[in-house]
């Protein structure tokens, strides 16, 4: 992997990025639903070379019990990277970064969950990054929302996330690992598609206000495209099941 | 800081909410008003640099220490910046002794990004021998009294403490050892980012939320503004959401407030 | 894995027990039948080697990383093998986040002994400079879906991932630094141990126990078989006991099963 | 800071110590009462270059609950040093020394607190050393007692502490950091002024019995002087408050 | 201690091992019963140069309470090595090896204990290795069973353990430290003597099936010899007590 | 050791208190009588030195290990002394597994100060290469049976184990490496401090308190006495207080007892 001092360009003369993408082009995204047996809901996402597995448990008894809430479900999330998911082996103990991402992911998803329907229970989300190549939090959020639907947990809408950023002075969509490391800014965004509400917004780097507004705009557009992939993945699962078992209305996702 | 700060009563929260319907805040401020702000630098003589920031009833002390050590493998020519937050239990009935928890970690990382991404410190100038020996700058943030908005107070105190910091001037000898000289020098500070936090309570946006407002808030966001009004870090917090329009409005306000605060406390 | 896996109901356990009286298993297998087994290598490109093993509904991912470091003082001419197990909570409602507990530690150590004692890896070939610098091989075992018999699945996935692993060919320079070449080489694997687990439920022995069978079992045992049918590691588990005759019978069956699995998945 | 091998004298020819003090002279001491908003009581002490902040919470609900006592308040104290308080940055994790000092400070103060008045509650003391220059435990104890009074917790008397020691063969009062490091003995002492009872006594170094007795004596005399400063600090707070709000008898400290 | 590269032989021309033993010869074993005051039962074993102290507490109240079982006693064991017990100082924090051995020892002993007689209590075993010279888990198990009897805890039989292994190609009994390190295989075995059931079986190294069967056989024979030493140790304690205090039938061990 | 040792009944404590009114102790001792004391050195052959001290029903084992390592930066010419206490759970129903808690830490630090401040070990003689390499002396204290007064028993066992310790004689080669010789040498011990503890129960002072007395006591104090009857460490414990007169009386008694014990067990 080229280091930060590397002089190579992130955008070539033809306006293409290192992996051949255009400025506003997403990496290939594939979502599989219901891939785990023990979890109540699950999803697997491949997003570029990111490979992330998400399992959802709950609503279930809260452990330890004193954390339970009398008026709603306790929603918890854990973002965790496998030791082999990055270039240098990562210690399996959660880093400060993993603690932070677990928190922002929880806060990003909770507004869409009808937690008030399940008082005194917990809904637990486990995100395991098996391979990381930039943008794992957005991929993790996108997959988790699908896994929540797969678990049959009532949600207002699927949450979908996508970063934008600045490389070689240009605003681009969906930064890869090397673009994140060598670029000038990175901004993960998550939205609730039906309302357009922003439920995650982080940024680091340097943006002028114009750049910021443009980046926010393309992130939102990216989110909308990815939302279609989420819906398609759920629909495929649903149709397959419909074909094999007794059909039953899918209530977990309210599609407008 | 979230809902674990239950010591602000439900009644207070209700009152905050009702007053906001008339665009009034519980402590009499306007929606865009910052609390009174005071910066005292240099109180801790044994630290290389220090600053105490008082923001309303919130008090944050930052101490800077300078040591030498090895650089990160992927940035062999850069000094190391380490930001740590201790939410010590005398600051709030809800802070407990022990290793930093989620809230403290997030705060440390957001302050760190504000400093790092604005390139406030020229880390290249803190390299002694490439790949082997660099200066390590420890920024230790100590919350002493917690009445809301630690993000802004901590960022300001950190920058003020870095600005206050002095180290012995030095020459790098052939063997990579340092020979210290008599005179003091400052750290290579080249930018003074200012973080501005805004909370959203029932569709009203209030800047510099107090503790009661933070608890009552649906969502909060911190924007760090660097040189020329550039945006260098953003962190949305809490389980509520923002519309795009609200975000744009917050960015505009943050730029204006950051400019005022920077001019008042960090100029020169 | 023991009794903390209470999510298999008492009724299921009773059913397992009753069927076994007629030498039948709850999933229809014969006593000596292994579940369907699948090995997919190389899914994790950023790891030096990787393998995903699916054993019935049990899924284990193993990633191999290769680094350099210092050898253990008592084996200065040997590379270092480190086996770590994470029972991540998405695999089972009973796995909790946090540092490895007793079950994970035992699993890691039994897999480690199977690899180490069979001399599967020629550790001598992983020495760079005696006493100073060697290759460290990290085998990280990740349980993704837990339906029993992690011992066999983890051992198989570990060996398959080691077999899959590639590193840049290298020359050791005079100063002990490595000069990497363009071509890839494999790890010095010289043996392919296979672990076979058997559970004892009411005096019946069943190979490759599923989760329900593991919970219903009085005792369990894992036998790792290496080259030429040699036994290279044994671990009896749970609070029941075995007679000498049962042990001999288990050894015989383990040799046979190991041969079949080795031929199917590890040949070449 | 000169290291232990340094040959310089701790006492000069005129009988003065490095900072100009006489043998039985205290460093300047200043105490501010009620400096924190959130704590139920607080005090800030500057003692030489020591700068220490103390917050008191309680009587309050015990957390975790199983530690509560049916017949009295649980009294806890935590002595902690800020990473920037000493020459080399200190890890924020409590050291063995901090654990020990937390214990001796708790045992030193508890005899003066009417814990039996508040069963099933806890009274928690947090001592944060912001800058250390020798004698932090004595300064911490002295300030904590004032903070307990500020919190309105009924106490029998203010506890006051002061070390004595031996430097260059002489018995001196109130050792500074360098005197502690390069001297021959250090002995922190705390007393309950009204009864003269000794409630903390630690020593390390080498004392003959005569030296020990002399040192104990001057520590006690030092304590008495500092007790006057404590009382003054509380009185100042009280008078100021009296001037501004409805007067109310100060019950927290029973002055004989 | 010779390192692994050492070329010396583990068996000499006369067929004797480094410490002079024959292939099937045990090291000297000595067991003292009831050596501790505070523990409910205790035993001290010297086995070669292994020196191990075992204390048993219980049946007693379970702490923390939520671990208690409504239908039987919670049986726990902790195998721990003193920092000075091995050649290089060992950190007192439990290693992964100590965690594993604590587990296998617990599983080895539990089948002989009538835990169902003591619901909602715990029986806790603490094994402290004061000096280690190979075979500590077998020595620890052997001593623990005696300590359980000393504590008056009803057991079905004494458990007894002994390793066998392979050195210089020969199957031998009871490996010493150096034989374990330089030999080809090590196999700890524990049995319940009355029934011949195997309650612990671990192995590492390389055995053909014939070697394995032979090793298992001599381990079992070794166990029987050690069982006699266990019984003798208990009888000695019992007779001594009988002589000095009111005789009382020893109920803790049911000897056939 | 404080009140967490509730296994001594209230009745016993009352009896202790009542007997003391007549200057009698529950085990028949006079107020100034020490329990029977036994020191056995060298039981742990694999340690450099060891000693088992039996004080009434209290038993403490100490093992000494000698390694090489780097000195502390502020004492580059001194070897390192490390005292650690493990209150292992077989010694008392109230000791729990896990990292040392407050009581164990205090005990370790008081024993450490007794040894260090009396200059029992000549740390300068344990320097190999100034600032780079020194001997590290580990003193590991293991409480095996706890019936009170661990402070005195641990200090005595530590000194006896240090006295018992042997290491290979050595020559320091030019490159700072050690060349070991055939003969053994002792550690550079130059003083034999003895710690004496006294408890105060209802205004009565009793030396060498048993567990019941420690629990019944209002206050306790440990005084370490070095060469020529000098005082080298003091630690008052528990929440009671002492008068000045009581302290003077305790110092006098401690000097006398320390002299007797030193003469009996540490002479030569």
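Should a chain be cited, it is by its letter among A, B, C, D, E and F, assigned in written order, with residues numbered from 1 in that chain.
Here, a residue touches a chain if its C-beta (ideal position, glycine included) is under 8 Å from a C-beta of that chain, and two chains touch if they have at least 3 such contacts.
What you are looking at is a predicted structure, and each value in this text was computed from that prediction instead of being measured.
Annotation of chain D and chain E: jointly contacted by F, touch as defined at the top. Using the average of C-alpha coordinates as each chain's centre, E ends up farthest from chain B. A rotation of 120° superposes the C-alpha trace of chain B on that of chain F, rounded to the nearest 5. Note: the chain lying farthest from chain A is F, by mean C-alpha position.
Chain A and chain F have Cα centroids separated by 58 Å.
Each chain gets one centre point, the mean of its Cα atoms, and the points for chain C and chain F are 48 Å apart. Work out the mean CA point of chain A and of chain D, and you get 52 Å between them.
Counting partners per residue, chain A has no residue that reaches two or more other chains.
Here the chains link up into one ring; start at chain C, go to chain E, and the full order comes out as C, E, F, D, B, A.
Across the complex, chain C is touched by residues 3-5, 96-97, 99-100, 102-104, 107, 110-111, 185, 187, 192, 195-209, 212-213, 216, 220 of chain E. Partner chain D is touched in their complex by these residues of chain B: 43-47, 50, 57, 59, 61, 63-65, 67, 84, 86, 88-93, 96-97, 99, 138, 140, 142, 144-147.
The touching residues of chain D, counted against chain B in their complex, run 36-39, 42, 49, 51, 53-55, 57, 60, 63, 78, 80, 82-89, 92-94, 124, 126, 128, 130-133.
Note for the complex: chain C touches chain E at residues 74-75, 77, 102, 105-106, 108-109, 113, 116-118, 221, 226, 229-244, 247-248, 251-252, 255.
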